[in-house]
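Which chain is which? They are A, B, C and D, in the order written, and residues in each are numbered from 1.
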Amino acid sequence: MAIPRSAYPAPFNTTRASHVVLTVGDLGASRAFYCDALGFVISDEDGGALYLRGIEEACHHSLVLKRSGEAPVCERIGLRAYTEDDLDRAQHYFERADLPASFVDAPHQGRTLHVCDVVGTPLEFCASMAVRPRLVVQFREHRGACPQRIDHFQVLAPDVQAACAFYCGLGFRLSEFIAPDGTDDLMFVFLQRKGNPHDIVFASGAGPRLHHAAFSVPDAAHILHACDMAGSCGFGANLEYGPGRHGPGHALFAYFRDPDGHRLELFNTHYQVMDIENEPVRWNLSAMRQRSWGLPPRRKWYQEASRFLDVEPREPAHKANPMTLEKFLAEEG
Amino acid sequence: MAIPRSAYPAPFNTTRASHVVLTVGDLGASRAFYCDALGFVISDEDGGALYLRGIEEACHHSLVLKRSGEAPVCERIGLRAYTEDDLDRAQHYFERADLPASFVDAPHQGRTLHVCDVVGTPLEFCASMAVRPRLVVQFREHRGACPQRIDHFQVLAPDVQAACAFYCGLGFRLSEFIAPDGTDDLMFVFLQRKGNPHDIVFASGAGPRLHHAAFSVPDAAHILHACDMAGSCGFGANLEYGPGRHGPGHALFAYFRDPDGHRLELFNTHYQVMDIENEPVRWNLSAMRQRSWGLPPRRKWYQEASRFLDVEPREPAHKANPMTLEKFLAEEG
Amino acid sequence: MAIPRSAYPAPFNTTRASHVVLTVGDLGASRAFYCDALGFVISDEDGGALYLRGIEEACHHSLVLKRSGEAPVCERIGLRAYTEDDLDRAQHYFERADLPASFVDAPHQGRTLHVCDVVGTPLEFCASMAVRPRLVVQFREHRGACPQRIDHFQVLAPDVQAACAFYCGLGFRLSEFIAPDGTDDLMFVFLQRKGNPHDIVFASGAGPRLHHAAFSVPDAAHILHACDMAGSCGFGANLEYGPGRHGPGHALFAYFRDPDGHRLELFNTHYQVMDIENEPVRWNLSAMRQRSWGLPPRRKWYQEASRFLDVEPREPAHKANPMTLEKFLAEEG
Amino acid sequence: MAIPRSAYPAPFNTTRASHVVLTVGDLGASRAFYCDALGFVISDEDGGALYLRGIEEACHHSLVLKRSGEAPVCERIGLRAYTEDDLDRAQHYFERADLPASFVDAPHQGRTLHVCDVVGTPLEFCASMAVRPRLVVQFREHRGACPQRIDHFQVLAPDVQAACAFYCGLGFRLSEFIAPDGTDDLMFVFLQRKGNPHDIVFASGAGPRLHHAAFSVPDAAHILHACDMAGSCGFGANLEYGPGRHGPGHALFAYFRDPDGHRLELFNTHYQVMDIENEPVRWNLSAMRQRSWGLPPRRKWYQEASRFLDVEPREPAHKANPMTLEKFLAEEG
């Protein structure tokens, strides 16, 4: 199979990963975890929802937690379009692609377009949000890991090749990918718009399911401080993987499960990728095994992920791509 | 005076601050300072020039040091256009604006377009460079401050308003600016394309002259480590200002003079700014005085800057904007 | 003049710098500075006094702030004797040396012995204090600089030679000293009992006056975070010197003035010195000038110091040692 | 069983953990691991041995690696006596206790006394070493984890109670200990002379065997940098446990195996413990389970340890204390 090419110019201007909407059972428990231990900032709490942002974010929210009596799910992944015109172009583009797209009202956001991507991931695009003060240097307000901002999502999907082609069609660039030695079967793709390695990552697995949302932290030491604060606040056992250093993407990371089982990655070490000559970086199985360092994750890191609301996961069916994330990484471990 | 508006879409796609070309008297002394003490990576040394990059940069160079028998100058500031088509559109755009623009050959770069901006700053645009390995996780190769990548330039110019209007016309966005209380006279403008506060900054003063080029470092502690390495390598007296915390831009910073007197800023603490609702942040004189913390710079930080090759600096002439950077910041100090 | 020799075994066992007692005008302002901004922990507030400790200290207090209507002074410097027997031996030793020593009651301390040292510094020795929980890993309670523990005092004194001889007679070891080139006139002596470079430092100047009390912080980055928190809490202008790196002692430091003008050093980078073969390290004037790095302090850092209660400072009189700290360091600056 | 009391005054003055002597198969491999990756400083390489020290140590060595054709072992653990007189008092003390003690020549050390402790651990005491420059601020010489100095040893022993009583008899103080709920059976004892939690630690297990030697690093971030450098130098798989946060002792830690299988702990977060009122801190099984955070170690961390030269390990025999370290910690895991 071939590596898809990015559309340039893009059919409409998507700028970045924007936010994620999760349902939870107990907003108080969520606040203890996300705010008291990890340092997310509360923008609003209304209508049974908690709207959180990172310390440097001027946008109203990057993490929405909605109280629900049902099993916890991810409602939607949010992406930013640059202008209102881009939203209209997006709707037009999706409808031509037979993907029903409709505008809805979402609190604290501008016009919001709902659509599912080609593998069934529920998305929402907006071009603006209410503005809140950036707390970059309001050090009195900093807590825990000092999460700066949302960086990316990772989604498990049964057809990574299709997902990659879809997002490249929207103008996303492929920064890195994993394929088994000797093939071009995409198992893991890092796709980006904002000029660093990832806005959205797809990994082969039963899905679509949300594996994690990732937030950046200022310094390497904040990864340790996040763990220390989690321990200090009674969430030490929520650490599921790390601290460790990724091979692909190079991030220093720690993964936590929140009180409802949603997974969060805190990481450090970005790199900038915005030049035309930057080709996608290929990692094969043996290179993956040269992972820098780190103890193996707890088993459920491979196995568990958040379901999307009303979306039944499908197993990978593509004959040429039978390995799931779990099998793949288990070999690596 | 009014705040200029950004052209959208841009007449051509400039993506980021790319590189700076400086002349120096002794490449060995430059290498001792930039590489041994501060940790820049050598991409090539040929034809009397040293080509340096930061540890995460895949581009061939972000800092070019050319040996010269003359007084040290800045030859040019480099910006990146995204594609070769963007370069052609740029040439067309500049010529319509009566700014002569011509393609030249520049080592290790693709087609390179030379032009001077509206205040006389010599620029060069290219759309690609030779590729070198990113050393993000090649920790054995890391030294000193571990400069990651070039981030921005600061230029002293006699007409900041004109400079701001020119770059906004190219699609740059104004992220922050300083104006005296009660006026809109721009004294200090932060202009950006890549989604953080600055690619190029203009400050009011005799110019155009290059005040500094700025490189980001991974963690706050690297600012201290840069100072320690400078001290350890005999460059302790080259520290001119800092460590301290800026008001505008929020950066934690340290400024050094290189052996030829060119000024370098190492800094930490970015924030992402890429949403349509992000209005330019205004700082007035009294707000500037609420600088977070830091001892005053050495006096020459206000007074000295690198001249551009064959460009005679002009004093600020605009009646409504008589204060230079020096006077302005001296009041603040 | 000769370098004094340490008494071994000591006449009584002094273990470490223990605490300092300062008077202040407004306990609320002191709390805002020491606790909210810098992160000291409150052990008690009673009887018009605030008892503070560092995050790792199990002792009740290392910093006592007493409300007073008079000009702020330092009441006493506290040292620890190891056992009650050591206190009795101390009293006996001082009385034989014609230094009146008497036991007093001091809140939250065991039996407390008051005495003045040979240059007139008011001291108090105790062998125990009330015990409080160490907060080393109570990360939820950490704030600001996270001061760990008291480390040392610096006292200006008119006769450094006499002070050095006195403390060496108590079994203190001289770890480092400064003397002008070509002489053994002691201008600056680092004296220690606890196995790192200093418990008490004497510098030549009008005195005795308390130049500063010093507290250690966990990581280099906490020095920056202390500055950021000071700035964030409105105490940015209280930074008087630093961040910088000392020559003698090697510390990474920042000096702050508290709301009453008492000076505090926060520092990092200890070294262990407890072996018999470790000779005192001599720094002469020219070596001092090779200070690693750092901008000059504000002028008052040289000139101002806290007076001790009811102690009139005397000017240095020793003919062979005419330079005061101010002159000495001004030459260095 | 009762907690032993510390002898005061001590029969002779032991000041600190001093050094460890290990045999290895290939000095080149050892140097790549200890020096290139982790940053130990070479003091000498002679007579088939590599003498290493930490960056702040003025003593000639804290880690001696001797080339050997046999299976790797620990030859001896080194402790410091303060003076030559203390060495003589030590010999007298041991002989009265029926522990044969004899002086030997050891390179780069003063007179050296060999003796085995009550559980059979081979010790050597010396009162001085050759002096080398401290490299605290020679930042150009810093590499990897920047190990500062040796801090402590951990020994597995079949009778922890006996070991504890023996070292308390030498004047060591018990800072922390682990005992099963409801008993005083000592399973894990932290013993110290130098004023922080440990110089030597004993844990219940087949022994005596050396579980690890521990070196402190300056900042929390150096723990991560040690892992990164290990990964970057091909030793990523040598990370056996961590980064994580201990319960007892509070250290932030990472454990590595060297190329011969000897175990090294790098850690951060000391606390000072030198006051008479500091009682030993008791941890019971359930408290141990409240370990702050961290993924489980690799299994061999529980099972493997370095044998001492010519010492056959014995299984714990004490009826009241049947749990080995492995069983104990496995329950905790």
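Following the convention adopted for this analysis, a contact is a pair of C-beta atoms (placed from the backbone, for glycine too) under 8 Å apart; a residue touches a chain by one contact, two chains touch by 3 or more.
For clarity, every value in this text was computed on a predicted model and none was experimentally measured.
K.L.:
Please name the chain that ends up farthest from chain D once chain centres are defined by their CA atoms averaged.
P.N.:
B
K.L.:
Between B-D and A-D, which chain pair is linked by the larger number of C-beta contacts?
P.N.:
A-D
K.L.:
Where the centres are mean C-alpha positions, what is the separation of chain A from chain D, in Å?
P.N.:
About 43 Å, centre to centre.
K.L.:
Report the inter-centroid distance (CA atoms only) between chain C and chain D in whole Å.
P.N.:
Chain centroid spacing, chain C to chain D, equals 32 Å.
K.L.:
Report the inter-chain centroid distance for chain B and chain D in whole angstrom, where each centroid is the mean of the CA atoms.
P.N.:
Roughly 51 Å separates the two chain centres.
K.L.:
Do you know which chain C residues sit against two or more other chains?
P.N.:
137, 219-221, 225, 228, 231-232, 245, 292
K.L.:
What does chain B use to touch chain D in their complex?
P.N.:
Per the stated touch rule, the residues are 36, 137-140, 219, 221, 225, 228-229, 231-233.
K.L.:
Within the complex, which stretch of chain A touches chain B?
P.N.:
The touching residues are 8, 15-16, 56-59, 80, 82-83, 127-129, 131, 134, 136-137, 148-149, 194-195, 218-221, 245, 250, 268-269, 271-278, 292.
K.L.:
Would you mind writing out the residues of chain A in touch with chain D in their complex?
P.N.:
By the definition above, chain A touches chain D via 219-221, 223-225, 227-228, 230-232, 236-237, 239, 241-245, 252, 290-298.
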